[in-house]
Structure formats: C-alpha cells, structure tokens
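Alright, structures below, take your time with them.
Each of the two complexes below includes chain A, the first together with chain B, the second together with chain C.
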Partner chain A sequence: MSARTRILPALVALAAVAAVLPAGAQQPATVKLGIVSFLTGPAASPFGIPGRNGAEIVIEALNAGKAPPPFDKVGFGGSKVEAKYVDEAGSAANVVTEFRNLVQRDQVDAVVGYVSSGSCLAVTPVAEELKALTVFYDCGTPRIFEEKPRRYVFRVSPHATMDNVAAARYVLAKKKNITSYSGINQNYAWGQDSWRDFEGAMKVLAPKATADKVLFPKLFAGEYGAEISTLLTSKSQILHTSFYDGDLESFIFQEQARGLDKRMTIIMTTGETAIWRLKDKMPDGTIIGARGANGPLARDTEINRWFQKIYTDRYNTPPTYPAYQMAQSLLGLKLAYEKAAAAGGKPNADAVAAAFTGLEFTGPAGHVKMALGEGHQGITETAYGTYKFNKQTKMPEIVDIVRFPAECVNPPPGIDADKWIAGGMKGAKC
Partner chain B sequence: MLTAFAIFADGLVYAAYLFIVAIGLTLIFGVMKILNVTHGSFYAFGAYGAATAVGIYANAGWPAALGFLFMLAFGMAIGLVMGVILERGLLRLVYGRDEVIVVLVTYATFLILEDVIVLIWGAQSYAAYQPMVAAGNIEIGDLILSNYDLVLVALAAGLAALAYWALKYTRYGRLLTTVIFDRETAAAFGINVTVVYTATFILGAMLGALGGAVMAPKISVTLGIGVEVIVLAFAVVAIGGMGSIEGALVGALIVGICRAAAVHLVPQIELFVIYGVMALVLVVRPYGLFVRARPRKI
Partner chain C sequence: MAARGHLVGALMFLIAAAVGPALPDWAVSLAAIAFANALVVLGLVVMWRAGLVSFGQALYYCIGAYAVALIARWTGFTDAVALVAIGGVGAGIVAALVGFLLARYREIFFAMLSLALSMILYGVLVKTESLGSTDGFSVATPTFFGLSLHGDKLILALYWLTLGIDAIAAAAVGYYFRSIAGALAAPIRDNEIRVEFLGVSVTGIVHGKVVIAGTLGGLGGALAALTIGHVDPAMAYWTTSGGFVFVTILAGAGSVAAAFVGSLLFEAARSIAVDVMPGLWQMLLGAVLLLTILFLPEGLGSLAARVGKRGEVKR
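Right after this comes the complex of A and B.
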C-alpha cells in the first residue's frame, strides 16, 4: 500500500468526523472590532494614545484568556478578537467616512472609540442608520442619549455632568465660606457644557457664592497671558477648568510662572491625565478629577491591580483615565457579547445590543450600571482628590480623596442633565 | 488703572509673540510672493527642537544662564536645515507656477511634516518650562508678570530694530528691497534673484523656528501647534499688509492690544476680536495697512 493510498482513507474519515461534530466544537469565528481614537493631533498624547494602548493591552489579555474572572473566557465568548485601529483626527465628515468604512468595508462586529464629543454626535445617527453596534469610550456630552433613544449606541463611561457636579460637591466639602469662583474653559461644547454644569451645581449647593471671571479662550490657543492677568485681579477663591491636553499643560506652565495657584485653588476636572507627566510641575493643592474613579482614584481591587500591572509593565507609565475608559468599554462589550452568544451561534448586533441594555458589571474603575438613556448610558461612582507631589518617592500622589456614589452626581433616568441641575438636583442620593 | 496697565502689558506680550511668528512669514511673502503654509511647520519644528535642546541641556548640568541661548540656537539650526532642504529640494521646482499651485505645495508639505514630527518625536507632548521658571517673576500691584514674557517683548523689539536696520542700511537689505519692489527689474539690473530667494527662504524658516523655540518654554509642545500659529500669523500679516515688516509689527500690536482688552473687558468676544479687527482693516484698506505702492507695468 502506497503512502498516497494510506492517507486517502484517513482524510475521508477525518472529514466525516468533522461533519458530525456540533457547530460549537468548530474553530470559533474571529470577532472584528474597530478601535477609533486620536492617534495624531493635540488630543493624541493625553487621550488618544492611552486609549489605544488600553485597547491593545486588554484585547491581548482577553485573547490569551488571562483576564481575571468574570472576563477570563478567551476573547469574546471563545472567539479571538481582531482589532483595527483608526485615527480619529480630521473633520466630522472624515470621522463619519472612516466609521462607514469600518462598518461597510471592513465588516467589523462593533466599533469602540471616540474622544471628541463632536465625533460622537456625528457618528451616532450613522451608527443607528447602519445598525452598527457602537460603544463610545471617552466623549462626555450628555446629548447623545438625551436627544432621543438609541438602539445600537452605548457608552459605559459616565457623561460630563458627573464630573462637574462632583467637582462642586468636593470644593464645598473641603473649602468653607467660598464667596466667589471663576472659570476658564475651552470655547466649544466640552468647555461650555462643563462650566454650565459646574456653575449650575454651585448655584444649587452654594447660592451665596457668585461667579466672577468666566473665560472661554479658543481651543488650542496656547497663550493665556491675558486670561491669567484677569484671574490675578479676581478675588475668587477657586478656579474651575476642564482644560485638557496641551491647553492644560500650557496653562499650568504659564500660571505657575505668575503665581496664580498661590492666589486661588485650581480644580481640574481632567487633571489626572497630566500628573504622571508633570510631576512636581503640577501645583500642590490642586484638586484633581479623573472623569470617574479612574487611575489613582480607583479602588484597590483585584481587577484594578491586574489592569494597572499589565498596562504599566507594557508602557512604563501608569494608565490614565482614557485607558481605564477604554478597558471598561471593552469589558462591558465582552460581557454583553457573551450574554448574547449564550443563546447559541455568533450573535448579531441586535442580540448584543439587547444584552448590553441595562447591563451591570464591575471593571477596573468600579461598578458600572447602564442606568440612563434607557439602559444605554452607564453611571459609576466618582471621586476627587487633592494633588501632592511626594518629594521622597518623587511620584505624584492624590490625597484627601472623597468618593461620590453614582446616584449622588448623576441625574436619575428620564431627566436631562441640565434640567436636573437647574431643578436643584432632586433625587440625588449622597 | 490696574486693568489698563494689565491690558497694556498683556497686549505687548501677545503682540511680541505674534510678531516673532509673523515676521518670517511676511518676509518670505514680500520677497518670493509665496503664501507659505509650511511656516507653521517651521514653528513646530523650532518648538520641538527647543524642547529637545532643553532636555539635553538640563541633563548635561550646564550653567542655567546659557540654556536659553542654547535652546534658541538649536531651534534656529533646525530652521536652517529645513529651509535649505525645502527651498533647494522642492520650492525651486515650482517657481513661476501659478500662486495657487505654490500654496498647495506648501500646504501639502505642511501636512507631510506633521507626520514627520510623529516619526521623529512620537505622539507624546514635551515640556521645556525650565527657562521660564529660571527667569522668575516681578510683582506690580496685584499683578504678577513673568520675566520670561518681558524677555519675549525685548526680543521682538530687537528683531524689529534689526530688520529695520538691515533693510535700510545693509547691502543685502537694499538688494532685498529691490527684489520686493520688482523682481524682474531687479534681475535686469544684475541682482541674482535665485540667491536672494534661497537666502530669504532660509532666513524666513529660521525666524519661524525661532518663534517656536521662544514659545516652547511657555507651552506644551504637542502635535498640531503649528496649525493655530499659521492662522494667527496670516491674520497679522493681512492686517499689516502682505510682505511688510513694519506692517507685521503694527498688525501684531493692534491684535495684541485688542485681544487683551477683550479678555479683560468683554471676554465673550475674545474669539471674534482678532478676525473682527482684520475684517475692519481690510474693509478700509483691502491690501493691509502698510502695503507698498505697486508700479504699473505696460
């Protein structure tokens, strides 16, 4: 009997065995994800790259089955995850085109991404039109789920209202007798919404305090000499800012050279993204937010220690909040996918969306409850703390941390964030 | 009184910044009639170069007093290299083409150089605050001014004086003025216009890089910093008159003072005021405040 005649019956037998095996025993199909984040431009360094890195490291761990329970099943429900990384930089039209490419040309199973609120607002109607499962990871505008109910769009990370309501609560808890406050925020939706929510919360919580200097310099202005002079002439005790990336760091360098932080306490709602880079250049006493209980504000849990370790080992710097938000988004999507897949076969977008709606889980940044936007918008607890540079270890520290329950700083379901604040934040459970 | 002083001081500082970034742009346009969008890249490369220089200098432990000069020299050296490469390697190939084509070439180069920055320095931002911290500050009433800002004002004033002297009283300056006035006539009189073009472009590139280098200690050196600058520089140059150095100086002062006044008195219009001033000037003088008389050619 020749080798060829011996192999032939073996191949036939193998094919017969494969044919009678149940579908579940076959090699699972790959789950394709589009990961969109700023890879170039001013928002790349503080947000886009940490977000992308967070995706890379979590997907690697999931594919290796090395994430802690309940995320320890390989990939998504046994299927390896294949990621395609796309740059968010460019106009809204460009962002939408890239989104369509991911969904229609690359046939991804879901898109996870977007830092800019403008990108999220532009992508939302297209995602609904294409019935494409989409998870926003970082953008903060509350409008996504307040304008109308969504079916295929989700956001695990809480929206920006939480950041500013919690900022006001922290300031008033730590600093008594505030009579005047000022704000410097970028002149576009993010900055204006952040100030609106902070000022609104201050009016409710400290009605006798008044806003003095309200400044909205151009986005990426870079030069803040006149703004700092204006603030130096103010009698405000605190300064609120939602500045981020290069604007935040430029402002810190310029205000420190002129001693503004010695005159008033600065509260930075996104300050955590800068502390590992600035170290002793971040003024001691600055109130630091991380858009949730992320980074050094996260609780010391097993899953948080795991995430911190794999991220720091790979990138030689601790994960900042965009990395946490990306991790939370991917882990939420994984659970929803696996819940939908439990019915058998590869779930479609409708099945995953149904499983995602109202989901609850605990990730590195704590417990997420998809409570708002008819189960599409997550809420979590949040925390603020005060910055201190440890001269012995030469490392940043956040001290005096105060935690705020999710229901204390987020509006209840069914009410818009601005109306909730204007109405006196009724129903807040603090 | 304090507010008036603050407006004056802030206006001067902002004007100094604008003049330093606009002088190279207006010089290149005046001589070569090129609306050089790549100027934003010169600024960005100058800033990245300065940040690198500050890092090298701080690690070497050399005397702090010379750090500022080292930073400027490093930034301008990058401008010199870029100027030579771009003028000899690219722009000379499109001389004589339609102005729109030349603008598109400089715009495309600007976009390519944004990616070159990522290749060289990566996507992370850089800080070069040491010279500004070392300079300290001065307290005047309730106002605290950074000494580094005062150095910026002095540098801009020095540059303006140097440009005035060089154009009026040096041989190269007079040659340059001739080319600015009429390139063909200058060539007919034996001036080597090609050499003047090359020298001017390199000088403009070095000035653009100088702008980035002096601003590096004040800002976070990050991707995209050249975009904002090029828009502002165009506004200043349009107000003063394209190609006019004295126009750039006056344009920078007008914009600086108006913007500072807006921030202090009516912050809601701060964003609008720069372009509002530009529109107002262009309505009254469509070619800017200091545009030269043009010879009529038959």
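Right after this comes the complex of A and C.
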C-alpha cells in the first residue's frame, strides 16, 4: 500500500496535465484565433493592452459584418471569429509553452500577437515546425525574416529599421546645421538596436555630424538624474530616445524640471503611445514617432475614421500605434484567409500562407505591401511629426507631419537591414 | 529502506516515460521543461538542507543553456546527449571556481553573493549585441547519435532524455544524501562549529554542495535550451532564480522526488492559471505559494511523508 501512496503525487501531477486535454472537436463554423500580447507587466499598458483592445474591437466589428469594404464580409470569409487572449509575460520557455498550448491543445487556426522581439524569435522556429500560421503584430526586430526564409510566419507591421531611418530623415529635414546628436536608450535589445539604426542612418545622411553622449541606462531604471546632468553638458542639438511607458514618463518629468528640452529637441520613436496620457506634460516641439503612419500620423481615410471611431467609442481614448498594428495584422490575415477560402471549403494553413505571401491591401494605417522576407514582411509608408498641445481643445496635436514612402525608409528585398544602412542605404526611393 | 526508495523512484520514472507517447505534444513539451527545471530545484534542495539558499542558481542554468546554444551555433555540433553533458560539466567547472568564494559565506550573504554573480553574467550577455542582447538567439535542432528527429518524435526524444538524466541525477543525489557529506547537511545548518570539531571541513562540504548544485543547474539549463529552442539572457536574471526558489519552497527539501513532482505541478499550475485568468494568473500562483507556506511549511514533499506515516501507524 505504502508504495502506491508514494506514487500518488506523480499520478496527481499527470492527471493535472491530462485534465486540460482538448474536450471535444471544434465547431466548423468558426475560425479560432489565439491573440497573444502583454496583459501584465511594464509593456502591458503602452503596447499589450492597446493591442488586445484593437483585436477585441476589430473582431467584434468583423463578426457583425460592419467593417467598411473590402473587409465587410462577416468574420473571416463568413465564419465567425472566436478569439482566445493569452498573456505574453514570462520567460521564453513560458511563451513557447503557451504557443504550443494554443496550437496543439486549443487547436487555433492562427496565432496573432507578440510585442517582444525575444518572444517573436523564440516562437518563430516552433511555428514553422508545427506549421502553425502566425502573424506578429508589434515586435520590431528585422532578424526574423533575415535569418531564414519562413513559411508560416508573417508580419504585416514594418520592422523597426524604418522607425529610426525615418527619424534621422525627419530631423535633418526640419533642423538645419546639426553638428552633434546624443541618445538615451534602454540597455537591452530594443534600445541598442534603435540607437544602432539611428546612428547608422545619421552617419549616412549627415556624415559631418557626430554622436556625442550615447547613454544606455538600465531598463526600467526610472531615475535619470545622472544622465540628465551628462546631457546638459552636451552641445548636441537633438536627443534620440526609444524609451516607452514608465521610463519615458519618468524621463520627461525629470528632464523638464531641469530644462533639457529647451536645450535640445527630443525625438521619441515611440512617443505616440504616451501623448494621450501625458497631454500638456509632454513638451511642445518634441518630435513624435508612431512606428509607422499610425494614430495621429495616419492619413484621414474612410477606414481610418472608422477604426478611430469604434476604438474611441469603446475605450474612451484614441487608438495608439499598437492598436493600429493589431488591426492591420488582423485585416491582412482576413484578406489572406478569404483569398484562400475562395477555392472552396475551410482553407488550411498552407493555403492561407500562400495567399498571404506578397499580399497588398489598404488598412487604417495605410497601404501595406508584403514585400520583404520573400513576401512575409510588410512595408508601409511612415511619418514623423512635431508635438503641440492645443490649449483651446486641451488635446494633443501632431503638426509639421512629414511622410516618407515605404521604399525610402525600408531596405529593398534581399538585403539585411543592418547591412543596408551601413552600406549607405542604396536603392532608397524618396 | 534505501533499496525500496530506489525501486519506487525507478518505477515513477518508468511510468512517466511510458505515458509520454500517450500524451499530446504540448503536454510532453510542458513536462520536459518542468523536468529540466526540476534538476535546478534538486540542486537547490541539496543546498537547502544545509541551510543555504542561493538566489543566483540561474547563473548555472544560463551557462548550461548558452554552452549548448553556442557550441551548436559555432561548431555545428548538435548531438543532444553530448551537448547536455558539456552544459553540465561547464556549469560544474564554473561552480567549482566561484565555490572558492561562495563556500566562505552563509545565510543572506551567500544568497546575495550568488545573486550578484548571476547578475554579472546577465549584464555581460545584455551588452553582447552580437548574440542578440536581450532578444537572445535560437538553438539548432539537436540530433540523437546521428539521428535527426522532427516534430512529435523530437519532443518525445528530448522528454525521454530529460527523464533519463533526471533518473541518474535523482539516484546520485539520493546516494549523496546517504553519504557522510550529505548526512552532515543538517548538523551544518544547526551548528557549524560542532561539525568542525568532528574534524570535518565545513567549507569543503559547502563547496561540494555548490558544485553539485551548479552541475545540476547546468544540466537543467542545457535540457531546457534544447526543448525551448531559444536562449536569452533572462535565463540568468534574478527572477529566474527566484522562480526556482519558489518551486523549492513549494516542493520542500524533504525528498528527492519532491523536486520533480513540485516542478511539474508548478509548470502545470502556471499553464492552467494563464489559461483561465490571462490577466491575473500571477495572483493564482501567489495564492498557491501562500497557502503552501501556511499549511504545508515543509512543502509538498511533507504531504507524501505524512500520508506515508499514517499508513505505517495503521499497519
């Protein structure tokens, strides 16, 4: 008897695993999507939650058949879309485990999500192996499609190279005689990559200007007294930062107390995520990016007005760029699905992937062309603008918007983003 | 007693291995990661018995993982068994070196120093942009004695490899617990000076425990890297170490088996929590830990012991 009682814990553990087995076959009339983004942790409020909200509102509108054409078919090709939301927080092991759970346990038809580039890099080989259709919505690293061609992985949102190349172009178009520039970026992959691309682009576009203070404070440091002191001694005309959320807000409050933004213009590549919260706390004249023509930088089109309205009506705040990226990703997937479904029956992952490859469409954030990574990575135009708080309406405004065509700020197909910048950005059509 | 323990232990591993093919892939993959992490927990248990808590066990976990990933990346050598062995030995060597420093400290100083060492590795990896900084990089698909497997077969092979190494580690640690050095753990925790008066070097024994735990950490990291297929510096971050301590508290230091059962339960609980409450899953895990500390201060292992005792009384 005693031996059996000792095996008990093992059996309990196995039972716990077995208890969550799929209960039954899915209904044929629905398309199941796994939506993964940060629901908890520091990246939730600026990126994860707007992405999740964007998915919720777009899926609702699609299921009601209320989206403007060509997205007006109910759900995906007439089948209602059922979404399962999963948290991205945790280690790479957790992210991969939850991805497997979605594909193999919950039998989703596609996974849309991921904010962190680390998550995207970890999920990509698993998605390829499981032949699971996956659309990344926010992560920025160009490595995903540069390391290897992919078959089942797509990204409608452009990669992060565009953001920093366009930032350099905007700064040089708006500010004459830049002799020196500085940067403050978080000490992790996103901050390092952002600075590397910005500095590379500046070296190509303004070879005489030099980088002065290059600061990499710890991620989520929250206190920048020493960095601000250093920057105050610099003669740089501009300061580049890819800060977001808590770090961005702390930095803005601390630098304004010491008047850093009066000395140099700050360029925030992800600043748009913070404007609706900060309002008049964001210094006027700051250069704001939105990782594409998203939010207030998006063109005034019918589909953009539709998306702005349904999102603002529900969440009482205008959609920020992660919401746009999610909407673009879902609309792209919908078109690919419907194109594949036109052949009859429920399309499998291979058919949708084939239809998705090289797709072109126009969504709330403008025209997307799946041009890079053998038709798996989208490019769009992008825009930068200057922040101005409108004291009458008490609302943020972006003025002096400059648009950059997709081919101007993205590498041409077949060349790695790093090498393209280092080689002088050859082939850029501006 | 020892022989019966071996028999039960072996039986448990055989049952776990036998049910593998019947389980869906996602469950096998979850169990493989849990059983890889269990090795790190087992290492913590070894030190825990002597009253030592390491908040830096992720150091060895990360070294094991990166050793596997880098060797596969730079040399193209992908044999799973050899890679895991290299990961374990590599971490063991590092543990032997830092052990000269660590073995002289106790309590909070031991915990903080081990934490500091793991954070140094984290800092260095974050600064290494050629290895993808915090994004990390992917691990090549492993082979088994020249055999390249894919899909469900690969996962099953990794699961069995993990179980095999777990079984060897469990037997070895069980043997160590019964040896003089292992048996002196509780006396060291209670009164080091008396142990010294027995003519035994406490520093030497602690050093040995650091090496054992480090090797187990490296093996766990190597297996986890192969199963996940991706490594990143977060594997060395203090929250990763904290996670292992969490599981150790959950499992308790009572028995070798508790480390494995605890780790599997923790992974399953986390996965279920994420599934049922996507925005609040941390709260569920926190509640589990709190309840464990309140009602089972000796960990889940003590539950089995209690049931066992009750059975013996009845007999």
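Keep this in mind: the second predicted complex is superposed on the first by the 402 of 430 C-alpha atoms of A that agree within 3 Å, B and C clash if a C-alpha of one lies under 4 Å from a C-alpha of the other, contacts with A are read in each partner's own complex, and residues count from 1 in each chain.
Going forward, a residue touches a chain if its C-beta (ideal position, glycine included) is under 8 Å from a C-beta of that chain, and two chains touch if they have at least 3 such contacts.
Predicted model only: the values in this text are computed from it and were never measured.
Contacts of A:Y85 after superposition on the shared chain: chain C is touched, whereas chain B is not. When the two structures are aligned on the shared chain, A:N187 is found in touch with chain B and with chain C.
Contact with chain C, but none with chain B, is seen for A:A93 once the two complexes are overlaid on the shared chain. Annotation for chain A, partner touching more residues between chain B and chain C: C.
Shared-chain residue A:C430: touches no atom of chain B or chain C.
In the superposition on chain A, contact is made by A:L39 with both chain B and chain C. Of the two partner chains, neither chain B nor chain C is touched by A:A343. Shared-chain residue A:K213: touches chain B; no touch with chain C.
The interface of chain A with chain B overlaps its interface with chain C at residues 39-40, 187. Against chain C, in their complex, chain A makes its touches with residues 1-3, 5-10, 12-14, 16-18, 20-22, 39-40, 85-87, 89-94, 96-98, 100-101, 103-105, 116-118, 121-122, 124-126, 129-130, 141, 143, 147, 187-190, 192-193, 196, 219. Partner chain A is touched in their complex by these residues of chain B: 2-3, 6-7, 9-11, 13-14, 17, 114-115, 118, 123-125, 127, 129, 132-133, 135, 137, 142-146, 148-149, 215, 217-225, 227-229, 259-260, 263-264, 267-268, 270-271. Across the complex, chain B is touched by residues 39-42, 44-46, 48-49, 187, 213-218, 220-223, 225-227, 229-230, 232-233, 245-250, 253-254, 256-260, 277-278, 281 of chain A. Interface residues of chain C, counted against chain A in their complex, comprise 4, 7-8, 11-12, 15-16, 19, 23-27, 29-31, 33, 126-127, 129, 132-138, 150-151, 224, 227-232, 234-235, 240, 243, 257-258, 261, 264-265, 267-272, 274-275, 278-282, 300, 303-304, 307-308, 311-312, 315.
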